[in-house]
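Heads up, the next two complexes both have chain A, just with different partners, chain B and then chain C.
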Partner chain A sequence: MASANALPQTGPVRFWDRLNISTKRVIWAWAFLAVPIIFYAGIRFYPTFQAFWLSLTNWDLLRPAQFIGFANYQKMFADPVFWKVFQNTFLYLIIGTPVSLVVSFVIAYYLDRVKLMHGFIRALYFLPFLTTAAAMGWVWRWFYQPVPIGVINGFLSSFGIPQQPFLRSVDQALFSILIPAIWAGLGFQIIIFMAGLRAIPNTFYEAAKIDGLGDWAILRKITIPLLKPTTVFLVVFSSIGFLRIFDQVYNMTSNDPGGPLNSTKPLVLMIYQTAFSSYQMGYAAAQTVVLFTILLIVSLLQLYVLREKK
Partner chain B sequence: MRKAYVAGLAAGISFIAMGAAQAVEIEYWQYVFDSRVQAMDQLIEKFEAANPDITVKQTTFPYADYQTRVVAAKVAGQGPDVVQLFYGWTDQFVNGGLIQPLDPAVFPHAEIEADFFPIVSAMKRGEDYYGLPTAVRSLALFYNKALLDEAGVQPPNTLDELLAVAEATTKRDGSGNITTAGITMDMAGQDHHWWREVLIRQNGGVPYDAEGNVAYNDAAGAAALKFYTDLQTEKNVGLVGFMDEGQAAFRAGMAAMTIDGTFRLGAFAGNPFEWGVVELPADANGMRSNYSSYFANGIGATSTGEELVAAQKFLQYISSPEAMEIWLNTVGELPARRDVALTEANLADPIRGPFLKGLEYAQTTQFYDEAAQRQTAIDMVNRVLLEGQSIEDSIAQAAAAEQAIIDQGRQ
Partner chain C sequence: MTMASTKELAANSRDIRPGRIITWTLLLIGGLIMITPLLFMFSTSLKTSGQVYDLRLIPAAPTLDNYIKVLGDGRFMQWFFNSTLIAVTVTISNVFFDSLVGYTLAKFEFRGRYFIFLAILSTLMIPTEMLVIPWYLMSSQLGWLNSYWGIMFPGMMTAFGTFLMKQFFEGVPNDFLEAARVDGLNEFTIWWKIAMPMVVPAISALAIFTFLGNWTAFFWPLIVTTSKELYTLPVGISSFSAEASIQWELIMTGAAIGTIPTLLVFLLLQRYIVRGVMLAGLKG
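What follows is the complex of A and B.
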């Protein structure tokens, strides 16, 4: 940035004057663009490459980092906990994304037709999105408690249904965390879907009705295909969200983070624990590289799907 | 005009420099915890009054960043002169070159070993001590007087009595769900220490051998684990996760007994019911054990010359009987010197007494990565309770996992 900026000011005046107006404009444009680019390179790209390097070392904060080749990766791929965490991460993704999209689409589709108290209902759906994930995690954590304080179990018990362990079960815990996570993101997805629905010209619907198409056919042939850009955006957005899930898990299981028995632990939480609880920075960096690769592949795949449409 | 100004400035600077040469300033670091910071402020005030040539600057950091800050400061070459550290971090601090051994001429080993509780040996590496504690912590059994009176039972003295009291105080609803627990079960709290250093020993085993390797993968370890998990499975007097956390259940008056440490006294002080404390229950032969831990103060590796001398003086003062008395009254933690701790008044105190008695036979686990080692104990219990794994398999798996953490820590 300094050199680009310095050119017009400290260089010989004649040189600057000799440039034509469009060249000057380009130089000025780059001078301004350089600020965010250098900032971005400094806080994003440099640490990213640093993480790649760290993943090949045994840095533990205290002693200087030593190069150990791919030992961290070998350790990681041989660790059953890593594969469990890997599986959890994808469970969050492949259950969370479709369920949240279908639910939010259905709500948006019908909400779009509601005229009575439309704004109020929409606000109600949007409210959880504004709530801090930590606060919500704690409220749900208490919902899931056994009797006498757990609301859900109290409700089940009053109907004579045996109480469920929820967060204290290796089978139910992940889903128990996923439900509030889906619910929290719903408001945002509904708003985006509704904007997408509103953007479809009414003339299409009118023409279809004149041609005698039923509601179901209109939905299948017009609404869903025309919503594709919206859908793709939401798929990318929510996939990345579920791949990076952390707040809900950490706050709902903070006594035994990611437990019980790692049944709810996502990759991000594993990285956090490796780095800031065990101080194995090199190993944590190797896990980060894996997360980076997954996010990159998922994003590229989805961009590919988007491009195909054009 | 200008010359006069410069001369004045120079004179001023040299005056400040002279002042600096006369008074040594040293830095003391600890993590933020209100009562600890206040106690240290008092100690610093008294120390400075007695040593006018030394000033002590207290610097504090949030607990979560504390270790990282100490490391970062060392890398920058600006570490503290006296630094507080958890005894379990000693290996990391020594290996990382963050602290220096205490000079035996200033801190004679014979005196340390005679005056302090034996758990101070956890600060010894090779022939050197790396720090001294001001205060120590131990465990005891808290009980809810109202719930015990209601059931017509007395606080337990032995493990058998513990089971009887737990059974008498547990309340269940029509479906058999616990609505008031007899005893809290919370491996993420202090229960893993109870299992490790107390129950295993009471069953005739040891948690670690002389080299510090895992030694509980035997009948004693299994019996200890079975005793613990039976509280939920066989006896149904406790439930892991009941009221979310053991201490929360006790505070809410929904648990008759809980095992916790001195550091919980402040939180329990406001309980809206009468409660008491007894020593951890003995086994059938009267054998007792306890777990003790502490934060020690060490001398920073970067401290040299007159700062080192000042730091040594300060460390001597904050490990003195007077400092321990102040710490006990401000923070509530027990004095680390036997003669200060084991006074008649303290032993007769219904709250301090049981903790102090526990100190006399307490063990201190040498942790390499406390959080990870605790996790192995949490998982061990969960495998039995949630996955139905056999006690023997679960303990074998826990032993292997913990040994791997120990091996990693020794590298």
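What follows is the complex of A and C.
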């Protein structure tokens, strides 16, 4: 900021005065952008290229990085743990995204029409979005404990339903983590859907009513089609969120992150462990390149879908 | 639930009184289920260790002993301080730089503007996870590991914030800026004194988002900090598991302390936050 202010004044005053207005403005613009350009170049672009480069090396923090070609990628694609993790990541995605979208749409659709205590009810749905996964991970782990501690098992046993292992089971753990992950993001999606619903001009609804359409027909023929940009945005936003899931998994399985038996481990957790538990930086960088590629495909699909039907 | 109420509404499209009552009740019940984990967390934080197994929501004899115990442990206060300092600093930096860049891209004509715009836009495609390994390398070479700066530096500016601000600055009429120029104000003053006050809603949305995002941030702080003194609150709360026996009432108190600040921010600024989410979602 100091540099932005000082730049025009440090030069000889006459020189500055002789410049025409538009030249002055160009100089101002670059002065404003100087620090940000250094930031984006040094902290976004350079590290991106470095990650690609590191993925082709055997760097392990101790010895200097050596170029080893695609060996990391070969190792990864031959590793059954990677494929297990890949499968888990897509399970989070293909269950998490549709479930959270349908639930948040239904809630937004009805909440939008509610006048009585609207703000209060909306707040109830939104509050979980403001929590941190580290704190909520503990609450949910406590919920999933066996009796006499666990709230959910206590609730089930009062109906005579047998104890469930939840986080301790290879079959249930992933779903037990998915529920808090959906829970935490629901409020955001509801608010966005409501904003989208409000943005639909009333004239459409009035015209539909005159044509004698019922609520169900209006929903199908007007609301859902006109809500498409919002829906596409949320599909992508939520997909990227589930593909990058980490906090919830790490904090609910912290005795054995990603366990039991890798049954809950997503890609980002594998990256974290490869890099910062076993210090195979080169190998971890290769995994980040895979994540980058998947996210890029999802983003490009969004652009494609929006362009196609508009 | 949904099918039933949909039919309910469809059947009574003219006279939907009973349908409305059912919808409202279901929405309220759903909302209460949503905050159940929070209620149990607060409730348990007010119980003694002997009452933890009593799963009633309202503690028989509520006590603040757990809070005194947890906050009395100096580390927790330290983590709270670290989180606050980091979130506030990063927020100030984002409000300043994202606005400045957004304004420059919206209101200045110069060669290369579109290129800079696209370059910053393209960083949205790069996931943090891909950058953490180079950042870690950079931090260890420059001695930034285990420092506040090390935790903060990756988030000092964001492409998202820049675009949000650019969108809003585009709506500021040029006449105001020209009038200021005629009055002889320099460009920095025009931005700071004339343009910034006209986009206050966007600034507040950006500030709230940046603060919440950094307060709850976990992945990078977990990587860059190894000494307990520098943990942020989420990393500190997460590290409880390393300790031998789990005392649920103390854990829940820690979790509650980590949650209270964001809930307070929400209660105070609810209107701005909801509007901010809507703005960000529609424009972002």
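Descriptive notes on the structure:
Please note the rule applied: the second predicted complex is superposed on the first by the 273 of 310 C-alpha atoms of A that agree within 3 Å, B and C clash if a C-alpha of one lies under 4 Å from a C-alpha of the other, contacts with A are read in each partner's own complex, and residues count from 1 in each chain.
Heads up, the rule we're going with is that contacts are C-beta pairs under 8 Å (C-beta built on N, C-alpha and C of every residue); 3 or more make two chains touch, one makes a residue touch a chain.
The shown structure was predicted, so the numbers you read here are calculated from the model rather than taken from an experiment.
Of the two partner chains placed by superposition, only chain B is touched by A:157; chain C is not. In the superposed model, A:142 makes contact with both chain B and chain C. Taking chain A as the reference, the larger set of touched residues comes from C, when chain B and chain C are compared. Look at A:63: by the touch rule set out above, it reaches chain B but stays clear of chain C.
Of the two partner chains placed by superposition, A:293 touches none, neither chain B nor chain C.
After overlaying the two complexes on the shared chain, residue contacts for A:255 are found with chain B and with chain C alike. In the superposition on chain A, contact of A:169 is made with chain B only, not with chain C. Once both structures are placed on chain A, chain A residues 142, 148-149, 255, 276 are touched by chain B and, in the other complex, by chain C.
Listed in rising order, the residues of chain C touching chain A in the complex are 2, 5-6, 9-10, 13, 20, 23-24, 26-28, 30-32, 34-35, 37-38, 40-41, 44, 52-53, 55, 96-97, 100-101, 103-104, 108-111, 113, 116, 119-120, 123, 125-127, 129-138, 153-154, 156-157, 186-188, 191, 212, 215-216, 218-219, 222-223, 233-235, 237-238, 240-241, 248, 251-252, 254-256, 258-259, 262-263, 265-266, 270, 274, 277-278, 281-282. Residues 64, 67-68, 71, 92, 95-98, 173, 175, 177-179, 186-188, 239-245, 254, 369, 371-372, 375, 378-379, 382-383, 386-387 of chain B touch chain A in their complex. Contact residues of chain A toward chain B in the complex are 61-63, 141-142, 145-149, 157, 160, 162-163, 165, 167-170, 255-256, 259-262, 273, 276-279. Listed in rising order, the residues of chain A touching chain C in the complex are 1, 4-5, 8, 22, 24-26, 28-30, 32-33, 35-37, 39-40, 43-48, 50-51, 54, 106-107, 110-111, 113-114, 116-117, 119, 121-128, 130-140, 142-143, 148-149, 151, 154, 180, 183, 186-188, 191-192, 194-196, 199, 214-216, 230, 233, 244, 246-247, 250-251, 254-255, 268, 271-272, 275-276, 281, 284-285, 288-289, 291-292, 295-296, 299.
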